[in-house]
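The following blocks contain the structures, represented as C-alpha cells.
Consider the two complexes below, in which chain A is the common component and chain B and chain C are the respective partners.
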Partner chain A sequence: MSTSAVIAAAVPRAGFLRRRTRSYRLLTVPALVVVGAVIVFPWLFTLYMSAFDWKIGEAAHFVGLSNYTGLATNQRFIEAIVHTFYFTLLAVVFPLLLGTAAALIFHREFRGRGFLRAIFTLPMMATPVAVALVWTMMFHPQQGVLNYLLSLVGLPPSLWVYSPTWVIPSLVLVEVWHWTPLVMLIVLGGLAALPTEPYESARLDGASEWQLLRFITLPLIMPFIVVAAVIRTIDAVKAFDTIYVISSGGPGTASETINLYLYLQAFAFYNVGNASAVVVVFFGIIVALALLLLHVRERARWAA
Partner chain B sequence: MSTLAPSHVTAGIPPTASRPFRARLRRLVRRLGFWFAVAVIVSPAILVFLWMLSLSLKNELENLTYPPVFFPDPPTLANYVHVFSQNSMGLYFRNSLVVSGGATLLALLVGVPAGYGIARLQANRTLVLILIARMTPALSFLIPLFTVFQFLGLNNTLTALVITHLVITVPIVVYVMAGYFETLPRELEEAALIDGGSVWSTLRYVALPLARPGIVVATILAFIFSWNNFVFGAVLAGRATRTLPAAVYNVLTFEQLAWGPLAAAAIVVTLPVLLLTIFIQKEIVAGLTHGGVKGA
Partner chain C sequence: MTDFTPPETPDTSRRRLLQAGAGAAALGLLPGLGMRNAHAQGAFDWKRFKGQKIEVFLVKSPRGDLLTKYHKEFEDLTGIEVGSEMIPEQQQRQKAVIEFNSGNPSFDVIALSYHVQKRQFAKNNWLTDLRPYIGDASMASPDLDFADFAKGGLNYAVESDGRVMSLPMNLDPWVVYYNKELFAAKGVAYPKTFAEMIDAAAKLNDASKGISGFVGRGLKNANVPVWTSFLLGYGGGFTDAKGKLMTDSTEAIESAKMYQTLLAKYGPQGVSGYNWNESQTLFLQGKAAMWLDGIGFAQPLEDPTKSRIVGKVGYGVMPAGPKQQVSALFGDGEGIASNSKKKGPSWYYLQWASNKANQTRMLQAAAGAPVRNSAYAAAQQSSDFKAPKEWVDCMLKSAAIAQPGLPVISPVTEFRDVFGVALSNMLNGADPATELRKATADFQPVLDKSEKA
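Let's turn to the complex of A and B:
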C-alpha cells in the first residue's frame, strides 16, 4: 500500500527527470555533430587510409599493413623517432625544473608580483611563428644577438641551429622559453592548495626552510608536477611550428621529428597512405607516453 | 602563506649587541638573492619581446651591425610602413580576423550549450573525448580534411579554414564552459525548473547571465589559440586567404625581406594576442591552472 503510493508519487518525478536529462543531452548534440565531423571523422578516415597506397590525384590501392611494415624498416622514420624522443626529453625536463622554481618564487608575496607574473606568462600566449622568426634572427651565427651575449661572458660563439649537434638543444631553448610559464601556472595552482598545518608542526620541530621544501612542499605538489609533465610531454612530442619555421628539420635531417617527417610525406610528396600510417604510429606513441606518465603518477600516489 | 619566507626565522632570537646586525645582514643577502632569482626568471620573457621591438624600430644598417645596437637611434617606423605598403598585411589581418572570429563564434554557438549539458549530466566521458582530441597532432586532422575539401572544391577558401579551426575552438569552449557551469550554484536553476521552466529557458535566462565571465574567458582563449595557429593556414589557404601566421612564414621570408620589416610583421601578428592576454591576465591564470589540473 505505502510502497505503491511512494512509487506513484515517484513516477511523475522520474518522468520529469528523464525529460530533463533528455533536454540536457539535446544541448550537446550540435557540438557532438561538429566534433564528429572535424575530429572523429578524421581519425577514422586516417585509420582507413593507412591501409592504402594512395597519392592525391592518383588511384588508391589496398595494401593492407604494408605501409606499417615499410615504416618499421624506414631508416629516416626511425631517426625521426629518435630525434623526437631526444627533443621531448629536454623539452619536458627543463620547463619542469624552471617552471617549478618559478612557481615557488611567485608563490611568495612580494611587491609587483601580479605584474611580473603577467610578464612571465606572456611567452605562452605569443604567436609561435612570430616568435620563431625573431629567434631565427637571434640564432644567426654572425649578426645574432645570442653569440654576442656568449662573447660577453667569455664563451666561444655557437652555430646554434646551423650545427647538426646543437640544432635540437637550440630548438629546445625556444620551447623552454615558450612553455615554462604553463608549468609554472599548473604548479602554482598546486601550491595555492597546500595545507598550512604540516609547516607549523615541522617548524616547531625545528625544520629548516630547505627541509620544509624537500620533505613537505615537493611531495605535496608532486601530483601537479606530474600533470604538468603529461601536458608538456604531449605538447613537446607534437611540437611543429617552431621547428618548421626555424630549422625545417635541418641541417640535413638533423632536427627532423616525426611531425616534420609527417608534414613532408603528406603535403610535400602527397603520400597520403604512408602519412596516415605515420599518424597512427605517432598517435600510438603519444598515448603510450601519456599513459606511462599517468602510471608513474598512480605509483607515486600508492607510495605516498 | 609564507611557507618559504625567511622573515620570521630570526624573529625569536633575543636581541644582543652583535646579533641584530648579523641577522639584518643575512636578511639583506637573502632578499637580494630572492630579487636576483626573480630577475633571472622573468628577464628572458621580457627581453625577447623587447629585442623584437628593437629590431622592428631600427633601420637595416643598425640591425646588421656587430656588436648589436640595443636602442634604436633614432627609432623609425619605416619597417611598419614598409610591411603594410609593400605586402598585403591588411588583407592577411582581415583573413585572420574572419577565420578566428568565425571559428570562435561558431564554437560558442555549439560549445556553450554543450558545456552546460555536460556539466549538468556530469558526463565526464565526453570530456575524455576532448582530451584525446587535444592529444592528437594537428597535422593528422589536416590530411583527411584536406582530402575532403579537395573533393568539395573548398581548398583555398576561408570557409575551409573556419571549419578546420573548429578543431581548436570547440574543445576549448566546451572544456572551459563545462568547468565554469560546474562551479555555478544550482539552486536558482532548480527553482526555475520547478516553476515549470524548460531546460532551454533555464539556460537562457538563469545560467547564461551568470556564466558571462566564463564565456569571456572561453571566447578569448579560443580566439588566441585559433589566431596563433600556423599549420592549418599554411596547408589549406591560397594566396588570398592566408592567415597572418601563414603569411608571415610564406610571403614575408628572409629571402625577400630584411630583419626590420620581418620583426615589424612579427609584432603585428602577435601584438593583438599579447594585449588580450594582459586584458584577461587573472582569468587566464585561473582558467589555465584549473583546466590544466583537470586536464589529466
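Let's turn to the complex of A and C:
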C-alpha cells in the first residue's frame, strides 16, 4: 500500500514534468518551422540544385559535381573571385582608415561640431541606387564633373569606371564616400566610452599626443574598429547595386564580382543549376571569411 | 532619360534563312486572308465577347503607357474588361519565364521582344497560333489588313513552319544619325558604303576640339547590335544550316575590325563603357559626327531643351557593306498565352492594339516606329507631329532593307554577353580574330545544349 502510495504520488509529478518539457518543445515549433522554411530548406534545395544541369523551362539532368568542376576551370568565375577580393579589400581598408581619422577629429571639441558631424553622416542616408546613378554621371569621361574638377587643378582626365584598370578603384571611391560615415559613427561611439584616467597619467609621464594616440587611444578603440571592419566586410562582399548600376561588371568583365556573375547565370541566362553551384562556393568563401574575422575579433579582445 | 524607346539591345540569328523563306510564304498567305475577311464583314462583331475580362501583361515603356491610356476605348468598343500589368523590360522577361513555366500564367495577352524572346517562346509553345482566328471571317476584323504591315514585322511574327504566334506592333531598325554641320564644315558627304563610313569618321574625328568621328555602344551586351549591323553588311550570318556558329568567319572578323576601328580609333575615350544613353548625350552635345543606334531617338535630338543640334541632325540609312545593304532590325509585338482560357477576347485585344489608330498614336507620341505603313502618312497629317520628314523617309527605307539584328535562338542574352565581352575587349586593344574565336568556342556548347533541350 505504501509502495503504491509512493507510486501514486510520483506518477503525476513525473507526468507533470514530462508534460512541461513537452510543452516547452512545442513552443519552439513555430520558430523551427520558420527557420526550416526560410533558411534550412532553401539552403538544402540550393545544394540539391547545384548537382543538376538545369535551365528554367527545360528538363533538369543530374550531373553530380560537374557544375563545380566546371567552375574550377572557368576563367571568368575565377576572375570574378579575384575581383570580389580586390574590391572587398579596398572597400574595407579605406573606409576604416578615413572613418577612424574622421572620428578622431569629430571627437575633439570645436565650434559647429554637431552640425558638421551631421553633414558628414548624410551620404549614409542616401539610397544606394540613387547614389550610383549620380556617380555614373559624374564619372562620364567627357561630360562628367570629376574630369572637369581634375582639369581645374591641372590634372589630365581619367577614364574612371570606363577603364578596365581603374574601374574597381573608382567603384571603391563610391563605396568610401557612401560608407565612411558609418565607420566614423561606430568608432566615435568607442571614443566616447574611453576612460580619462589613462590619458591623465600618461600626460603626467610626459607622453606626446602621438604616443597618446598610438599607445592608448588606438588599442582601446580597436574592438570598435574590428566591429566596423566586420560590418564593412559583410557589406563589401555582398555589394551588388553600386556595381550593377555603375558598370554592370564592365568594361568587358573588369569589375564582374561573384554577385554580378551569379546574377547573370541565374536571372539573365536562367542556368539555375550552375548558379546554385556558384552560391554554394560563395557561401563557402563567406564562411571562411567569417571565421577569419571572428578569429581577429577574439584576438582584438585579448589584446584589449 | 529619353521619352523615346531606349532601343533595347537586339539580336539576329540562326534561322535567318529559314525565317526569310517563311516570311515570304506568310506574305503570300496573309494578305490573301485579309481579302477574304473583306468579303465577310457582316459576321464580325466587336461586341461578341461582351462582359468578359482579360489580363494583359505589358512592358513599362512609352508604348505600354500609351496602350494602357487608351484601354477605356477598347472596353467601350467591345464590352471586354481589361486588367493590365506593366513592369520594366528586364523584370517582365524574367516574370514571363516563371509564369509560363508554372503552366498557368496570370495573363492572357503578353508583349514580347522578338529579338530576345521569339525563339524561347516558340520552342516552349507558350503562345497561341493565331492562324485560325485570322482565317475566320467572324473573328477577324475587316480592318486587320496584313498588306499594311511592314515585311520585317511579319517576318518576326511568323515561325519557320508558318505559324503566326503574335501580331507585330513596333519596329526598331538601326540607322545612322549624323551631324550635318560637322559634315559640312569638313566637306564630307554622307557615306554610301562601309569604306566611305570609315573614311568619313577619320576625317571628322578631331581630338583637339573633342569631336569624335563616330560614337556607338561599347558596353558589353548592349554593343552586340553595333557589330552585327556591320556583320550583316559584310554578308556574314550567325549560324549555318546545321546550327554551327559562323561568328568566327572571315566576314565576322572583318566586321569586328570595322567595329574596333570606328569605336576605338574614332570614338570617344572610354567608349567601352558607353551604352545608348552615353552615346546620345555625346551626340546631343554636338561632340560626335555619326551615331549608329535604333531609330527611336528623333524626339530628344529635335528637342531644344535637351539638344544643341536641333535642325542639324541627318537621318541616314545604314551604308552598304561589301556584300549587301542591311539595317539591323529589332522589334516587339503581342501574343496570346497558349494556356489562356479567354483566347477570343484576347484576340480582339490584339487586333485593337495593332490597329491603325493605335499605331498612328504611337508614332505621334514618338513612342515607337509602327509596323503599319499607313500610320506614317496618317501621323504626318497631324499638326503636332514633330518628327522631321527625313526621319520618316529613313524609317521606311530602313524597314525595307531590314534583317533581324540578333540570332533567333533561345540563349540570346548569353550570346550577347559572351560576344559583348569580346567586343569590349577589342575596344581595349584585344585582337578581333582571337576574341571572336574564343567567344565562338565558348558559346557553341551553350547553343548546342539549348537546341537539344
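By our rule, the second predicted complex is superposed on the first by the 258 of 304 C-alpha atoms of A that agree within 3 Å, B and C clash if a C-alpha of one lies under 4 Å from a C-alpha of the other, contacts with A are read in each partner's own complex, and residues count from 1 in each chain.
What we mean here is this: contacts are C-beta pairs under 8 Å (C-beta built on N, C-alpha and C of every residue); 3 or more make two chains touch, one makes a residue touch a chain.
Not measured: the values here are computed from a predicted model.
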Partner chain(s) touched by A:Ala290 [first = chain B, second = chain C, both, neither]: first
When both partners are placed on the shared chain, which of chain B and chain C touches more of chain A: B
Which superposed partner A:Glu200 touches (first chain B, second chain C, both, neither): neither
Partner chain in contact with A:Gln142 - chain B first, chain C second, else both or neither: both
First (chain B), second (chain C), both or neither touched by A:Phe267: both
Chain B versus chain C as contact partner of A:Thr253, first or second or both or neither: second
Which of chain B and chain C A:Glu298 touches, first, second, both or neither: neither
Touched partner set for A:Val227, first chain B, second chain C, both or neither: first
Which of chain B and chain C A:Trp177 touches, first, second, both or neither: first
Partner chain in contact with A:Ser276 - chain B first, chain C second, else both or neither: first
Shared contact residues on chain A - chain B and chain C: 56, 142-143, 267
Residues on chain A engaged by chain C in the complex (per definition of touch): 55-59, 140-143, 157, 159-164, 247-253, 264, 267-270
List of chain C residues in touch with chain A within their complex: 94, 97-98, 100-101, 120, 124, 210, 218-221, 268-274, 278, 281-282, 285, 287, 411, 413-414, 417, 421, 424-425, 427-428, 449-450, 453
Contact footprint of chain A on chain B as seen in their complex: 1-6, 9, 34, 37-38, 41-42, 44-46, 48-49, 51-52, 55, 63-68, 106, 109-111, 113-114, 116-118, 120-121, 123, 126, 129-130, 133-147, 150, 163-164, 166-167, 170-171, 174, 193, 198-200, 203, 224, 227-228, 230-231, 235, 244-246, 248-249, 254, 259, 262-263, 265-267, 269-270, 273-274, 276-278, 281-282, 284-285, 288-290, 292-293, 295-296
In the complex with chain B, residue positions of chain A that touch it: 20-21, 23-28, 30-35, 38-39, 41-43, 45-46, 49, 56, 98, 101-102, 104-105, 107-110, 114, 116-123, 125-131, 133-138, 142-143, 145, 148, 177, 181-182, 185-186, 188-190, 194, 196, 199, 209, 212-213, 217, 224, 226-228, 230-231, 234, 237-238, 240-241, 244-245, 259, 262-263, 266-267, 272, 275-276, 279, 282-283, 286-287, 290, 294, 297
